[in-house]
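This is the structure I have questions about; it appears just below.
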Amino acid sequence: MARLIFLGRLEDIAGTGEMSVASGPVEHILAALDPALAVQLLGEKVRMALNGRLLTDMGGIVLGEGDELAFLPPVSGG
Amino acid sequence: MARLIFLGRLEDIAGTGEMSVASGPVEHILAALDPALAVQLLGEKVRMALNGRLLTDMGGIVLGEGDELAFLPPVSGG
Amino acid sequence: MADVRLAESALDPVAEIAAFNARYPTSGGIVTFLGQVREGGGVEALELKHYGPMTLPGMVELARITQARWPLEGLLIVHRSGIMCPGDPIVLVAAAARHRRDAFEAADFAMDHLKSESWFWKREKTANGWRWIEPREQDHDDLERWR
Amino acid sequence: MADVRLAESALDPVAEIAAFNARYPTSGGIVTFLGQVREGGGVEALELKHYGPMTLPGMVELARITQARWPLEGLLIVHRSGIMCPGDPIVLVAAAARHRRDAFEAADFAMDHLKSESWFWKREKTANGWRWIEPREQDHDDLERWR
């Protein structure tokens, strides 16, 4: 199993901050989600981090056992 | 009588912060001072204020009874 | 030496500033920035979410970059997460330096980056419910000044 | 509303900052600058002289100009005169605004002008005796930024 993490407004859209998914290629995992959510996760302003490290290219990512993939919409601190 | 006020390093040079002088034209008053002090008072970085108001041109200033003429060297606050 | 913290509960800016000032008697200038939840304007609450694996490490890296760019004697960055009320402090940055311009610029730089390049997500609650806050155009312009 | 003071005796920056922060809960950002006599470096004492008829009126005018240039909710300027020891506060500026850039710029502007366009004369005492401090070239460059 692997984990998806939804930050900011993506948590509202997903209805949860965190979701367990079967390990495997990210594109398969996304294809199994609610399409309305998947579209948001793939939005051009959403960045992704694998185990706390920002991905510069999501192509070909495969989630292994215990991996955590976070979806990061535009930030707003301070 | 009128008063001359010496600020900053001019106080050290004059040996006093304040001096009573006879009323009259500033050029006469300065001419009666120690020339070493007068030269410093007329230095190009020294500004003058009459009764708390900065003078833009010292030409022709006459000190009347109770007037206060301050000599202001470059400032340094904070 | 940077002091960088993510505060999950109330932050006391006056106590922080007092301790920071006391730590840097050799610094000619100390600049502090306090960001707080505005009272008035209809905001009832504000929530800041963070992401454990990235938020604090990102703040530590920001402190490192800030210290590499200006000759600072001290730097403090404390940022809240969680739910806050109007008037509550959100973020405190303090920079101590021999010369004041370094302290001003470092604090300004750190704030611009906390605002729009750190891993926080902010939403506010008004009479209409919760709403996520997107970064403003101005925030991006502010960042551009440092590039 | 600006609070502008010439302090002839010790100034307590933490108490001032606490009072200022408490006064402006509607301000999103509060920037403070504290200037203090540096410890170390051989300075034993520092004296700031002022000129009664001009110094405080000049500070009040500076506050007016600062408030005219940035939309501030609050501005505090307190400057010491007299003899100070290493570690003692010399000057405190605080600016409160809805948006942080206004607070940063206003505090920075006020400090640049207090430093080299206000009616103060500063001398410091080292093992070699008292010496008057002339403005640095940098202070003039700092001022030029605002013209």
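When the chains are written out, they are named A, B, C and D in that same order, and each has its own residue count from 1.
Here is the rule we go by: a contact is a pair of C-beta atoms (placed from the backbone, for glycine too) under 8 Å apart; a residue touches a chain by one contact, two chains touch by 3 or more.
Quick caveat: nothing in here was measured; it's all calculated off a predicted structure.
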item: Shortest chain-hopping distance from chain A out to chain C; value: 1
item: Chain C-chain D separation of Cα centroids, rounded to whole Å; value: 23
item: Inter-chain centre distance, chain B versus chain D - centres from mean C-alpha coordinates, in Å; value: 27
item: Rounded Å distance, chain B centre to chain C centre (Cα mean); value: 50
item: Chain D: positions in contact with at least two other chains; value: 35, 100, 111, 115
item: Chain A residues counted as touching two or more neighbouring chains; value: 78
item: In contact (per the touch rule at the top): chain pairs; value: A-C, B-D, C-D
item: Chain C residues touching chain A - in the complex, by the definition given at the top; value: 35, 48-49, 51, 53-54, 57, 79, 90-91, 111, 114-123, 132-135, 139
item: Chain D residues touching chain C - in the complex, by the definition given at the top; value: 13-14, 17-18, 21, 25-36, 38-41, 86-87, 98-101, 103-104, 107-108, 111, 115, 138, 142
item: Chain B residues within the chain D interface of the complex; value: 5, 7-9, 11-12, 49, 51-52, 54, 68, 70, 72-78
